[in-house]
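Take a look at this one; I'll ask things after.
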Amino acid sequence: MSYNTFGHMLRVTTFGESHGPAIGCVVDGCPPGIRLTPQDIQFYLDRRRPGQSRFTTQRREPDEVKILSGVFEDDRTEGPLTTGAPICLLIDNVDQRSKDYSDIRDKFRPGHADFTYVAKYGFRDYRGGGRSSARETAARVAAGAVARKIISDVVIRGALVQMGPHRINRENWDWDQVDANPFFTPDKDAVPLFESFLDGIRKNGSSCGAVIEVVASGVPAELGAPIYGKLDQELAAAMMGINAVKGVEIGAGFAAAALSGEENGDEIRMADGKVKFLSNNAGGILGGISSGQDIIVRFAVKPTSSILIPRRTITAQGEDTDISTKGRHDPCVGIRAVPVGEAMMACVLGDHYLRHRGQMG
Amino acid sequence: MSYNTFGHMLRVTTFGESHGPAIGCVVDGCPPGIRLTPQDIQFYLDRRRPGQSRFTTQRREPDEVKILSGVFEDDRTEGPLTTGAPICLLIDNVDQRSKDYSDIRDKFRPGHADFTYVAKYGFRDYRGGGRSSARETAARVAAGAVARKIISDVVIRGALVQMGPHRINRENWDWDQVDANPFFTPDKDAVPLFESFLDGIRKNGSSCGAVIEVVASGVPAELGAPIYGKLDQELAAAMMGINAVKGVEIGAGFAAAALSGEENGDEIRMADGKVKFLSNNAGGILGGISSGQDIIVRFAVKPTSSILIPRRTITAQGEDTDISTKGRHDPCVGIRAVPVGEAMMACVLGDHYLRHRGQMG
Amino acid sequence: MSYNTFGHMLRVTTFGESHGPAIGCVVDGCPPGIRLTPQDIQFYLDRRRPGQSRFTTQRREPDEVKILSGVFEDDRTEGPLTTGAPICLLIDNVDQRSKDYSDIRDKFRPGHADFTYVAKYGFRDYRGGGRSSARETAARVAAGAVARKIISDVVIRGALVQMGPHRINRENWDWDQVDANPFFTPDKDAVPLFESFLDGIRKNGSSCGAVIEVVASGVPAELGAPIYGKLDQELAAAMMGINAVKGVEIGAGFAAAALSGEENGDEIRMADGKVKFLSNNAGGILGGISSGQDIIVRFAVKPTSSILIPRRTITAQGEDTDISTKGRHDPCVGIRAVPVGEAMMACVLGDHYLRHRGQMG
Amino acid sequence: MSYNTFGHMLRVTTFGESHGPAIGCVVDGCPPGIRLTPQDIQFYLDRRRPGQSRFTTQRREPDEVKILSGVFEDDRTEGPLTTGAPICLLIDNVDQRSKDYSDIRDKFRPGHADFTYVAKYGFRDYRGGGRSSARETAARVAAGAVARKIISDVVIRGALVQMGPHRINRENWDWDQVDANPFFTPDKDAVPLFESFLDGIRKNGSSCGAVIEVVASGVPAELGAPIYGKLDQELAAAMMGINAVKGVEIGAGFAAAALSGEENGDEIRMADGKVKFLSNNAGGILGGISSGQDIIVRFAVKPTSSILIPRRTITAQGEDTDISTKGRHDPCVGIRAVPVGEAMMACVLGDHYLRHRGQMG
């Protein structure tokens, strides 16, 4: 019953609302003896942090993480080490700007969870989206930083490959570009286009979606499990569970449906004594188990639902009305989904790494 | 650690290999007092059963289900009733045609799990694909039939909406057509095209992929949970966990990335005292919780990997070789994925129905 | 939600009723490459099998196990090997003697689950106790046989140490005696007493309880986990979950409450370069983790509730009545609990073995 | 994989070490709309809080709880209400007296988890016992306070019924006495004996054990589940998982082994149109399901392992040595186990309440 927990051997439980005192997570099952400092985690939180360019929300959150438990340091250890006990990571909410909520408290914002939360729970914490705020993803990023430590040989990188209708040119793909622009995009040539496109979106009070690709390199051919513990299945859940994600695909993904069997199945050859696949339509996963190739996941993020353009909706009392959502919102929430997607990949792989070791030794 | 189990309150555990004595499942958590006969289950198994047209594998399996436990009948009950105890459903394997496996036992078929099973487990049951055979999905369909009984007000229907590169015309959508053609397609006009396309594929010894859409109608606005129990997340896992599936999307799915915020967010109005959404880009799920609209999931099935066209591969001993996979295979395994997708939808909704009732009363 | 499943990495799901067609279990998570034959399992089932002496029920069940899945054999393996896939074990019910159930179907037998099943589920499968029959424990014994294979260095032995009010003399303890008498007792001198005591019980149409001790030797100092994965906690659950068990203790158990701190805490010394505890009040578990000493668990089994002596009860319709339970019942159901307790110990240790390996490598 | 989580629909995850910045828990699955203030929780924490008499440790911890998430209040709610989101409860560690740990860091205290933590994890957080400190139980008590709110019709009370070798006279049982003495004992006449006994123990630098009884009244006949979700099984796990507990029994418990069938099985009669059991050897649970009678659990707590009396042990480097554990310790840790046992009972019942509602409606 994992309402707020995911993972099996590496379990992440998150808590906290947008405008409560803090958000955070408990990471359980981490092996002992791993060096873990707040800085290790902060690095990834900073990548996700809002307010770093004009293209993300202007909410100012330092997102400073505290490690409350699960690490130990004395004069014999070199720095703090995980102990095998649960690691609680806490991030205080700082910039809960006081605000007049009278509008959104009684109106259901289209595209948001307002209506369904009330339908399910009877009422909702409407301050900044409450539990459904994208702020919860900071806890995922923190957990992902721990997971990366467990699978330190694996390199996990994410990139924005489509903004609104504009796809990058994959031939320009350069991982080094990803952290050199405010969009986490690997195509340098796309940057000016994205800038002007997004500036236009912002000026119109509108928003746009995005497609994110996350790649894990260096995963050995063995992680995952058949049937209901499939690596792709759990990656699909992990990514689809990120706020605003509406689609997930592995490798060739939806395009595979249009391929013939001989186009799709990745042929194999030996090369220098090693197994070499001649293509990677499988996205690095066969039968739910990693093949040793890059694991490639893409997910689609819908446009931010909070927009200035007035929309038709109803009140909690069942009256027709309009709503225009003011406030500090990401015009393209997909941008900051890049580090979140990386973190989810790390958590899923870290979990499967431990699970594999358990069953197989 | 759900290697072979899925669900939380309604838990399905499957077992069995393609060429062992039987396959089956245990459905745990079913409420008591539900009328359940083998015929209730057989109806759905028959829809998935191979050998019903020239477009599916010619393996002849009656797929006759036995209920081994969890139901009770005496002269006071009207037929067999579930008791609340685990329901074991068993399907004997009948047509395990004796065969020379010398070819595939030592060669890794491209696109199959042969390589990864050996990489992980050290060896594999190569007879008919062993555990990774699509035959395992019969157990899912059987479980889905039980799940449908739990949520009997919900109508779950699946349809093939793309075969290879050919998409149906959605304006022709007619649910009544789905069971009137061998492709489970709702577009009558697409049938001749699909027939000739698939005949060509078969003649070439090739295969093709497909896209399947599953729709659940009548789901109240309340199922699901935020964050890691999101209904869309669990549907994504359920569908991505079906053999050969490479992509999953909800509602507008990947297309949502190209929409603007005002195009995407489904506006709301009151109509006859009820909440009415003016579109359904969300696919019936907001914030992980059902909105009362139709729940719409699509998934992409890759082309069958077993094809006659010779492919480059290696042997288990690490030598380059070629393989041409003979035998009885579906040229488009996506066709028979339709009832499987329906069953997974039923299991996820049945599970969430019980979970919701637990938390909310 | 483990109604009918236990374990985490080694998961056992059982199904079946006393008078249905079969009972069985699915063992999931077993490592691959372990030699497993039906005979390996049958050995333990035969120890639990009823009808082997006049001191157990005369129901004649061969309890013959079939392995339906999860093993593979060809001309390269030496016998059948586990594959890592779920292992379904099936045991047909053979001796469901046709019987007039008119008495027990409408009366709640004192000490039985009749009343609570109806209170919870609204009705019940009253044939032979249905799901609550001790017959379910055969499935546990079968699963335990698989678990023993995983931790093949560990020796697990159970013994009856008290029958009714009569305790054995622990100074007579001889493991070799356990299988040499119909009571699984290690005290040869207690056998005549137990015989005459139990014959008297049977003649009176009464029944008696027992205390069982299960010992695991050869467990390395590392299995288990602190807090909610404590080895003793999961052993307590495993043993308390056996039908008719009313108490569980580890090591000194309840007697520890009366000891002083200096009597209770097991002192430690080095001996031949190894850690040596000078006593074992802890029962081999400290802080939830095995210490390398023998793991010692005792559990109390209440007297069989089905007795000939008439008892006051009520009907399902809420009328006072009496009941005298005829049929084939164990006068001391604790006897056959010995192999069941061993099996539960094996399953818990096997699970923790895999879990430890997962977290620690 | 519940290393630090327990429960199924009501899930409690705890974190924190004795001498870290804080301890706490996340309670997930709580229904929405329940009024929950810090004071509701503080009441129970204060009962468990150390330093309230000379008979418990003199560590001064205010144990002040903060609710970090999962509740919401505005001018329309009457006080803070649970929202259905995870509730994080945080308790700062205040009195981590700086101390010379040179002695215990390298010596394994007999009866403690020092040796096994190092055997498993390679090293340990030795400050105040780290994760294995009884301080962790404060988080359980906090969670239990939430659980009580869910099953507000159930009255859960605990009592100390044996201290060292001294049992109370059950005929003196008076629940009102429990909070009127420093031992949580219901037998007023036992208080002077316990006082002088425990004063003697303290003067000798020794410690003693205890037996605690927890009773839940008002539980309807329906909670629990057969086989592996048995209420008694989960209570056994919950109680055995409390630090220092070595035995658990339900109802007549171990004494049931010495009873005859006719003495043990609780007879039933109708009384005023209601079902009335004529005794309660079952402890309120039949077949794993509550019968409507009081649920009665007893557990044995071993003597505190930290004692002044020198004990033989070894160092982490494998040398024989002696240790005398100074510091602030409870001479009878069983006393403060009373509110902890109550909390565990509340959590298990709360969980089963939700689970029952899920399956049964």
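Letters A, B, C and D mark the chains in the order given here, with residues in each chain numbered from 1 onward.
Just so it is clear, contacts are C-beta pairs under 8 Å (C-beta built on N, C-alpha and C of every residue); 3 or more make two chains touch, one makes a residue touch a chain.
As the structure is a prediction and not an experimental result, all values here were calculated from the model.
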Chains touching both chain A and chain B, listed by label: C, D
Contact-richer chain pair (by C-beta pairs counted) among B-D and A-D: A-D
Inter-chain centre distance, chain B versus chain D - centres from mean C-alpha coordinates, in Å: 45
Intercentroid distance (Cα basis), chain D paired with chain C, Å: 27
Between chain D and chain A, distance of the C-alpha-averaged centres to the nearest whole Å: 38
Residue numbers of chain C (touch at least two other chains): 1, 3-5, 8-9, 14, 29, 32, 84-85, 120-121, 131, 226, 355, 360
Chain D to chain B touching residues, read off their complex: 1, 9, 29, 31-32, 84-85, 226, 354-355, 357-361
Of chain D, residues touching chain C in the complex: 1-6, 8-9, 14, 108-113, 115-117, 119-121, 131-132, 136, 162, 164-165, 201, 206-211, 221-222, 224-230, 232-241, 246-270, 273, 275, 278, 281-283, 285-292, 300-307, 309, 311-314, 318-320, 334, 355-356, 360
Complex interface listing, chain D residues touching chain A: 1, 3-5, 8-9, 11, 13-17, 20-24, 26, 28-29, 32-33, 66, 68-70, 72, 74, 77, 81, 83-88, 105, 120-125, 130-131
